[in-house]
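The first chain written gets the first letter, and so on, giving A, B, C and D; residue counts start at 1 in each chain.
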Amino acid sequence: MTANSHPARPVILGQNQYGKAENRVVKITRDGDTHHIRDLNVSVALSGDMDAVHYSGSNSNVLPTDTTKNTVFAFAKEHGIESPEAFGIELARHFVESQEPIHRARIRIEEYAWERLAASDASSRFIGADEVRHSFVRKGQETRVAQITYDGEEFEVLTGLKDLTVMNTTASEFWGYVKDKYTTLQEDYDRILATSVSSWWRHTWTGGEQRPPAWDKSYAEARKHMLHAFVETYSLSLQQTLYQMGSRVIENRAEIDEIRFSMPNKHHFRLDLEPFGLKNDAADGAVYFAADRPYGLIEATVLRDGAEARIPVDMTNL
Amino acid sequence: MTANSHPARPVILGQNQYGKAENRVVKITRDGDTHHIRDLNVSVALSGDMDAVHYSGSNSNVLPTDTTKNTVFAFAKEHGIESPEAFGIELARHFVESQEPIHRARIRIEEYAWERLAASDASSRFIGADEVRHSFVRKGQETRVAQITYDGEEFEVLTGLKDLTVMNTTASEFWGYVKDKYTTLQEDYDRILATSVSSWWRHTWTGGEQRPPAWDKSYAEARKHMLHAFVETYSLSLQQTLYQMGSRVIENRAEIDEIRFSMPNKHHFRLDLEPFGLKNDAADGAVYFAADRPYGLIEATVLRDGAEARIPVDMTNL
Amino acid sequence: MTANSHPARPVILGQNQYGKAENRVVKITRDGDTHHIRDLNVSVALSGDMDAVHYSGSNSNVLPTDTTKNTVFAFAKEHGIESPEAFGIELARHFVESQEPIHRARIRIEEYAWERLAASDASSRFIGADEVRHSFVRKGQETRVAQITYDGEEFEVLTGLKDLTVMNTTASEFWGYVKDKYTTLQEDYDRILATSVSSWWRHTWTGGEQRPPAWDKSYAEARKHMLHAFVETYSLSLQQTLYQMGSRVIENRAEIDEIRFSMPNKHHFRLDLEPFGLKNDAADGAVYFAADRPYGLIEATVLRDGAEARIPVDMTNL
Amino acid sequence: MTANSHPARPVILGQNQYGKAENRVVKITRDGDTHHIRDLNVSVALSGDMDAVHYSGSNSNVLPTDTTKNTVFAFAKEHGIESPEAFGIELARHFVESQEPIHRARIRIEEYAWERLAASDASSRFIGADEVRHSFVRKGQETRVAQITYDGEEFEVLTGLKDLTVMNTTASEFWGYVKDKYTTLQEDYDRILATSVSSWWRHTWTGGEQRPPAWDKSYAEARKHMLHAFVETYSLSLQQTLYQMGSRVIENRAEIDEIRFSMPNKHHFRLDLEPFGLKNDAADGAVYFAADRPYGLIEATVLRDGAEARIPVDMTNL
């Protein structure tokens, strides 16, 4: 029975999905004494023939969210975690192909990066450098994210990052803008430009016979190119910087067709210290107030000419 | 110049928007000695002819985000804040109708509720009850939200709430679900059902000659009906409860056609206390562990038969 | 072996404590169809003969933190949760009296309040009002806190609250302050006074033959008196308001000797709207910008004359 | 008039302090085209002759918190920010020595670290490596903290860090502990040891003719030694690891006499995957569930034999 076929139902079910969110799975791989970490937060969302559970509470088509949790942990052991994307692809395929009522699976993943910690020189001499290969510190910079969707025919793989906070302390101006009756802002020819980058990009790979990208390398390269553009753009607006970051990624990475950014303008206001007899010019090295709220918020999609825009506007909601 | 007309640009601009986010505006209204508070967090997002600022950094079409901030505060004084929705409608209309390059404005608002504080009986006798009408405590329950979008022709008004945490301590079961090789969950015939409701609903009102709803009353009624359904549903699944909550709102409120929920299943696990010689049956009043992560996450749209589904799936992202 | 007796140890152990923090325990009590909730977050910290575990890693005196967690949940079933304070007293006594190496136990508790949800009138008629007595909404206002310490001889019971946000929209001035070369602030004769109260108060009860306070009533009364003083004080400084709040509690509650507050001045800046041709006087109902950071922070202890000040300054760290 | 001299006051004022908290100050220093950032969050707390403002609301001894804010920003320009400690010393001295009613100043500082961003190779060739020396990414690892207190005679300087998350994926055991009737934990001979380090340490320097430490170098060295001990300790308990970390710092840094840690045991539970036919032994590389709450919490002070313990227990409250 589908919603639409019911003769008398005045209120019907629309898009729906369910699953276990935020499964915190850590997989250690041991290569002799050298250990490796993958540290993920995995969320499962399944869709399909789910009218009955909504209309009557019958769970006969419902794989419990607890089971989806178990599957995440079991798959981490059975298949390992080569990359967030590869892990998500396995999971999405499993749910759609093993459960008839499930027609679509969406796996969202956050990954937290860890760096190796060194031993002291004295210790290294004593115990041998190879003996301490199991100590790590959380890197703490951006969080890598991925979303893998599978409908039984095609995959869609989005990769991204959030909380990558960057700053140019000069080479940024803002002037020549519209002035209406509510405009009081002064033009600025030497300002700080700082933002916390949230971004999602879409891979052209959709499964089948195509060879998938080397996901970890693709991530590192996309991140690198976007940062290069941030560094090298003399900025007249944050929008201009955003477009440069996006186009640099797409021009350099054939496996990526579309990228969306949400970039808050983390305002650093240069203070007026004249009341205290102090100049505070940017050129001399200034003091700034780092503001929290409100903040400018610049959001845009950048895509390869001819590509379809598929990343939802609301994915990058702050 | 639009993106598509440029002969040689291999990477083009897609959907984009900008503005000042999280303007924390508080408006006090004095009615004699009786004061009233509206306490909002207002985010502005504007779209239109914005190719130039992205491609070249020319700000000639850009109303600064700082100006959009000033406008929010000035409008609060000029027009007052009758409700989040009415305030957002005024703002959205202003930006689109006063700035030729702006074709679309989206205003997002959070509202924080305050309750009156009483004076002591002694004080009331002494100073007169009417003299202390300016003291408030933040209610601290759900946050009311609104999103108003205007494209120069039609308005779309979404209202909603978040962080409304509710619990039924019985009258909830979960059994009869699919069991695969990863299923270990035991069936439960008397469990706690708790969730933190996030919801958005869409009003049929789109502007023009239509009389707008009484926004505050509509909010209170929608909230009330959804809670009544939560209380009165004997639940066989959280999906069933969700559908009942949505259909109750739509059946009772003609001005609302569509509603979307995102409801985490805030698991309360009944502990096995047998190792300590203790029974822990639900019927006797049990002890539960309130878990944080992972959590089941149930999301769905419920809509009037024949209505168009327009609330984006990702608006209720947790 | 104690730290001091070791002949050659150049670096010694000082104050130390350990235990399981943030045990989220929910206890339901059923009184026929009427259910009651106590929803706590319980943290255990134990001290005693713990030199060996620090110096050599010997756990022979260590009751595992996992055991302290189990004890919290088992006690909730065995003894129920009459109040946070009564529950903490039982736990603290247990750890010190049942484990020889444990000389001191400190139990910290947060409590989250729930209110009953009503059914609809139609439903009440149909199912009977008594049949829906198991539905709740989280109140969401302040969090009640308690700290119970027991050293085998005496108890110390602190009760408190945090995140109780209050506002007077008038009846607050600020003038007559010191002016130095860095002072630019203008005097204000009609300002908003808003704060988020964090407070701890100390009960005179220390155990033994003394009859303990009725903890729930004592909490409700202390909270009520502090709010009455907030409402009824015409404020010339936040410090004055703080002292009034504290002295009102101590004057009215004989079981409380000392109280400490940490009260951020949640600034609401009245905006200058003159550039837009608008007056924004407080007397007419003004528009304010609610600022996040920085904020004034006022902290003080208030105590009964002759009582000992024992609440640590850093307990109310924000 | 002091509290105690008042003949009739039944409720008196105890310890109190006030000031502006969380001043977010960013200072850029330009050395030709090479820029440097110091990014601080500065909180001021002043104490002294403050009875009147509490008892009567007279502000005649009160330097406004707004002035303390202005002073922070002006000092950043006038004196620069050589290190958090040096900056805090200047501020604390200023408040006590310039305002007669102020007898004690406590400055708390958080510092956020930034790293340089590289330009692309192509760009470096084109624009010259020296031309891009103003681009940074926030490091995002631990937050460095400092607290400087001055009473007009002596300084006390505490330095510390928080949110430094570290993990050993082996070389950690836990067994041989006390077992009571609530103990169910299994012994473990190969477990993950992970924690998020919060720490404060006290410098022997108290001002006067003493030469102050090189604060930045001292911080880097203390951090390094504590991490070396974490890496090199084969751990039988988190307490043992904590003591090793503390003693390593004190043994290697003569300028530090005392150090306090608060270290949550970030549990990584090795899952039982037997129900799915999978072994999950640590030796083969296992899958773990990274838990949030509850968590073990280990806190201790470690100090040079003969030194006075002065760091408050509650400074490291989580």
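Assume a residue touches a chain if its C-beta (ideal position, glycine included) is under 8 Å from a C-beta of that chain, and two chains touch if they have at least 3 such contacts.
It should be emphasised that the depicted structure is a prediction, and the values quoted were computed from it without experimental measurement.
Chemist: Among the chains, which one keeps its Cα centre farthest from the Cα centre of subunit B?
Modeler: Here the answer is chain D, farthest from subunit B.
Chemist: Just send me the rotation angle from a CA overlay of subunit A on subunit B, rounded to the nearest 5 degrees.
Modeler: 180
Chemist: Looking at where subunit A touches subunit D, is over half of the residue numbers used by both copies, so same, or under half, so different?
Modeler: On the two sides of the subunit D and subunit A interface, the residue numbers are mostly the same, over half being shared.
Chemist: How far is the middle of subunit A from the middle of subunit B, if each middle is the mean of its Cα atoms, in Å?
Modeler: 24
Chemist: So what's the Cα centroid distance for subunit A and subunit C, whole Å?
Modeler: 37
Chemist: Just the number, please: Cα centre separation of subunit B and subunit C in whole Å.
Modeler: 29
Chemist: For subunit C, which residues are shared contacts with two or more other chains?
Modeler: Within subunit C, the residues that touch at least two other chains are 24, 70, 74, 182, 184, 275-276, 292-293.
Chemist: Where on subunit B does subunit C make contact in their complex?
Modeler: 24-30, 35, 37, 39, 70, 73-74, 76-78, 114, 117-120, 123, 127, 132, 134-142, 163-171, 192, 225, 227-228, 230-232, 268, 271, 273, 275-276, 278, 280, 282-292
Chemist: Okay, in this complex, where on subunit D does subunit B touch?
Modeler: Residue list for subunit D touching subunit B: 181-182, 184, 275-276, 292-293.
Chemist: Write out the stretch or stretches of subunit B touching subunit A in their complex.
Modeler: 4, 9-24, 43, 45, 50, 53-67, 69-71, 74, 98-99, 101, 174-180, 182-185, 235-237, 239-240, 242-243, 246-247, 250-251, 258, 260, 264-265, 293-305, 309, 312-315, 317-318
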